[in-house]
């Protein structure tokens, strides 16, 4: 979460619009995959860097041209694509800077979206990366840091020709990408929900200290989720209100659906935050309560035996003239006093509800 | 509360509009009950799936057609009704997905409402389910997860012809359903209020640890209520402002009444939240205070007897040459010292207000 | 505060507009007092239920007709008045339901206000009740739960003909009732302020546990005040902005004055809330601090005497061959060691600032 | 802070507009000082009550007439001035009621401002009072509770003819009074800042209990400042937006400057609040930490010596048949066991990082 | 952070517009550096105070005149520049008062910006100062407290003629200065992030008390950052919305970029605040937990040995008639009782999960 800051600092003093990859190296090599389709057919290919110049035909209004670029350290690839699709230098700079906040910039001919995705690959850790999407009239560019195939389901749907997707143009494709990204949040939320449920039960049965580390880690993850999803909400809200002419009315209905999903994610994150806060309160109260229990035991034992020990110490003294020691029933009397005193104290603690 | 997330995750990768029941199986079988009424008569019947196609006559403008569907796993029933009433695929998808947030979508010819209800059946636990309502010009569709007969009072009123309900059309019926749902919140709030009062008294008399589990459970329930009722407020507010032409002016007055009730529920939930937070504070302070009490007892006892025990120990030593042991009044002097020291310490604690 | 919920639940399933008294029985009998006045004269009388039908003459535009109804269990009285002044069924329902939130409903010909009042009778407890006010062009209806004569000062002013009140019409009368209600809040706030000041002083001199119960009770009372006064603010704000034509411009200036008073009440309640929260913090810190003090005493005593007691115990052992016991200055040496060790420890605690 | 409430309650039941001084008696006698100036000359005089009637000449459009009234218990003086300048009864009532919240009322011909000032006289305590300002086209009335000469610098500037003040009319004079009032907040804030810095240092070196009382007193003072300055912000904001025609464009620039100062005061108060909250957190953590330290010492000492004392007690027993007592190296062995056990425990505590 | 308040208080009583340097003396001497450039050439020189009068040629519309003044105690230099560029007295007053809040004042012909910068010189401490920027049609004035060469990269870019900067006029220069200032925030944030990460790890491995001072210092630094950056957000937002005609459309795109950066800084600061709060919670819980551990050890040891010591004390008594002492297996029996009692208690603690 803090990594991008280390890199943003690298840029200090550089003129704006300088292309420089800011972020970790997360993909082995840069790959560009093109999917070009119309209502009837669909062509998929991997593009070489040298082919990028001629990859776009602005005249083919009825076809959609989807370029997916994985790996952002290839500054020259991004530059070529920028030249080919006529993108503003600030857009290219933002694509390469992986420390962006989700946002929407409308450049008239195209809109530029930055989104954060969080997903869990089949085997592995939850991963987060930045996805940049450029939507034009008949093209969609998507830029991803790693080469994890996040958008495979969308590509499959296009290739198989199932559903509306082949008919509904570039804006519907952009919506589909957004929808896939938001759907991945639910997977992570579901995991969190399961962890919360688990700890909720442990908290009641046996609150132990591990809960602290877990709570801290859950809280930090939720901070990340909030930071990613709150600005996304504004982005999708702006789109859904129809502020850009690139989204047609039929697609707006679907964007509203994505918007509802985002609100649901936010709602759930907020609920989880409240629950975690509540769990921490309960844990702290439990710790206090346990301390009380421990101290009561200590106090009861000490209060009963310390005075008795004193009495035993007294009759262990070696004074010459201690009449009690000579009494016939001295020892028996001692025990009688001890037992009565002990019982009196037990009674006292019972009244005080400490036992 | 977390269940629906587990299911929402199931949808990842599916194209939007795919009909898939997301949620638990909560009703034994799908049942469709039709109530068709005009000002003068009223006809009730259970519909078979095969009859769904012909259940709607859009021409009968002066009659109201209310279809109540219990059990959402019957995807085909929902599909048939969707086709018959010409509903958008996203509406059908949302009806089947029980993890929705309360919302209002206006599709022009009809409006689509998602609401959460919480009720307590005659014998049993508080139950929550999602109710979807579709209101058209002369029809109301209501979809419920279980087959609990929530809307019985409304149906009875229609059948008996009492009140305004037979005269006032489909929008008044939709209002009546909403009113019933909101009324059920009050029952739950009343129970909460009683539990709060009970614990409030216990807290002052004898704060014990059970309060923690109770506080956590009350807090979680309130989180749920808030999550259900806050969006409902926006929904009813939008309706009440007359944004949809399907609600006539006479009904708007009644919606304002429902809106007032919702605000009252929200107010009460917020008050209860503040009270629970206050109770937790008081509990924590009580625990601290009790710890203090316990520690004072321990400290008083220890401070009095530990030095005395030391003194007794000293005169229990076996040194050859201990003149005090030989003194005639040695033992008496010992007791004198002990008693004076003891009294001095008691006095000291009195001054310090520990006793 | 929770009572009204128990009663609201009673309404579940009833059709809207059903007249049913929801609330406790708080007045022995229903009484209706009429004050009818113009600029020059004023007539006061108690009305029988049978006279209610003819109590209103809508033609007497230049006279004000004030009906004050005390005791809400008289459903039929409310019904008669409703019929006579032509009120909407929902208004009558709301008048009878004492669990309302302060609100303003504008019905065109008249406006309907629900307000909460809190007052302390000459001898007795702070009492809260719901006042409903209906203001028409030349009439004011006021409904009160108990028969406490809250509006006596207003009535006296009318009868004595002092001030502007006889000249300024029904809206000025409604304003005067509101003003009286808001003034009563100040009395309660003053009491709270005195209690706060008292506890503030005690907190610094000698924080004890009673403060907890007091803090909880103050907090709960403030919750009630907030719940009553925040919506009232919106109500008066709406009136003061001149949204209703029933209030004339000259009266609006006076409403602005009431509005200022309400803001002042809110401000004070918020300040008190912050002060109470601060007091609780201080109390908790004091408890922690005291615990520290107690523990220091215990630790100092234990740390000094426990090792010394051990040493005394050693020389109380009965081993055959203990050379120290035979030494001539053994016992003196023992005391020397004890005293030096004791002083060293006292010094150590001085350095650690525990003594 | 609570005093005015006690007095506001006095008003309950009085008709609005009744002139009654609400507040303490804070000035020995009522004094009225008139400063009348144009661009070229300036005349200052003390007015008797009898002269008040003729003190104002509305025709002298190019001259400014500033009346400063110190001491509010002179109800008749306020009444005379009200009559002379034709002020609304509610204005006079508000001037005399010192429990007002800062506010702005625009009466068309004049505007009425209520402001709270806080200042520290050369020798003495921080004092707070209410200043009421009435600004007309060519006059300014300022009402103050005490006779402290708060506006001396402004008067000096007018008399010496320095700066713009003689040329710029009544609105600039009102601005100058406001500016003087806001400047006085900075003096108080500076003091608070110094106290905070002092305690910040003490907190780190040696947190003791006095900090609690100080924190509580700082918090209460800040509550007062907030209560005085937040509404003032709205007042000046409304003026600065040019809502009143009495302020000319050239003066608006200066009002923006005052507005910036108010924002700065608010900012600083909020920062201080956060710092105080942070200090309390640190103090509480310190107390907990110290308790831990104390308890560790107690536990170490007890854990080492209590078992050893037990062992010494065992060999002090008088059983007939205790073979160890007869051993030749019994006593030496005892010491060996004691020392080894002691060292083992010290090591254990080292590993646990308690020592 | 509090320093400026001490100085603001100095101004009390002075007429507005009086030029007076408020702040510390932070630069050895006042220096004025002029950079005058057009698209083709660029001239840099240091100006003497006597040359300030003639430094500006308003007619050279196509050239940019950048004056950078370091050191604010030179009141006369600021006055000369003010006269030469025709600035309002309030602008000059604000430039000299280093306790300003970031703000934007639009004076029509020029706009006046106050900004806070925080930077870390190559070797040294984080430093904060106030930068005032005045932007006119063809000039930029920048005022800085110290002589640290903050804007060196911008000057270099102008002199080398690289990038757009020579072509894009005075507004682009002002943007470049803002961009440099905001970039410096990232450097500080990166450092904070590293400190946070460091402490996060320490917190989990070994929470010790140093964390408190660190948390307090981090919190205070964040308070400062927030105070500097939140108002800056509003300033840049107002500029970016194109409210001033001095910023051309091409530059607005770049301002949006700066705005995005500011939002990112705010976001990160908020996240850090939440993380610090979370760390404090965890630390406090750890302290409680550790106290619990310590107390358990003390209680176990005391509970086991105190009763046993009592028993040993009993048989150390010197009563004449103690039959147990005479028993043959008395001593062995004593040990048997001791061991069994000890084991029973250990078992009890195991069950209670204290061991």
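Each chain carries a letter (A, B, C, D and E) given by its place in the written order, and its residues are counted from 1.
The working rule: a contact is a pair of C-beta atoms (placed from the backbone, for glycine too) under 8 Å apart; a residue touches a chain by one contact, two chains touch by 3 or more.
Because the structure is predicted, anything quoted here is derived from the model rather than measured.
**Q** Determine the shortest chain-contact distance, in steps, between chain A and chain E.
**A** 1
**Q** Mind checking the centre-to-centre distance between chain B and chain C? Centres are C-alpha means, answer in whole Å.
**A** 26
**Q** Centroid from C-alpha atoms only, then distance chain A to chain D, rounded to Å. What do you get?
**A** 42
**Q** Could you say which residues in chain B touch two or more other chains, in rising order?
**A** Only 284, 288, 291, 295, 298, 302, 306, 309, 313, 316-318, 322 qualify.
**Q** Quick one: what's the order of chains around the ring if we set off from chain A and go to chain B first?
**A** Read cyclically, starting with chain A and passing chain B second, the order is A, B, C, D, E.
**Q** If you look only at chain C, which of its residues touch chain B in the complex?
**A** Against chain B, chain C makes touches at 1-2, 5-6, 8-9, 11-17, 88, 90, 99-101, 103, 105, 206, 209, 212-213, 215-216, 219-220, 223, 227, 280, 283-284, 287-288, 290-291, 294-295, 297-298, 301-302, 305-306, 308-309, 312-313, 315-318, 322, 324-331, 334.
**Q** Going by the contact rule at the top, pick out the chain B residues touching chain C in the complex.
**A** Per the touch definition, chain B meets chain C at residues 153, 157, 162-165, 179-180, 183-184, 186-187, 189-190, 193-194, 196-197, 204, 253-254, 256-257, 260, 263-264, 267-268, 271, 274-275, 278-279, 281-282, 284-286, 288-289, 291-292, 295-296, 298-299, 302-303, 306-307, 309-310, 313-314, 316-322, 353-354.
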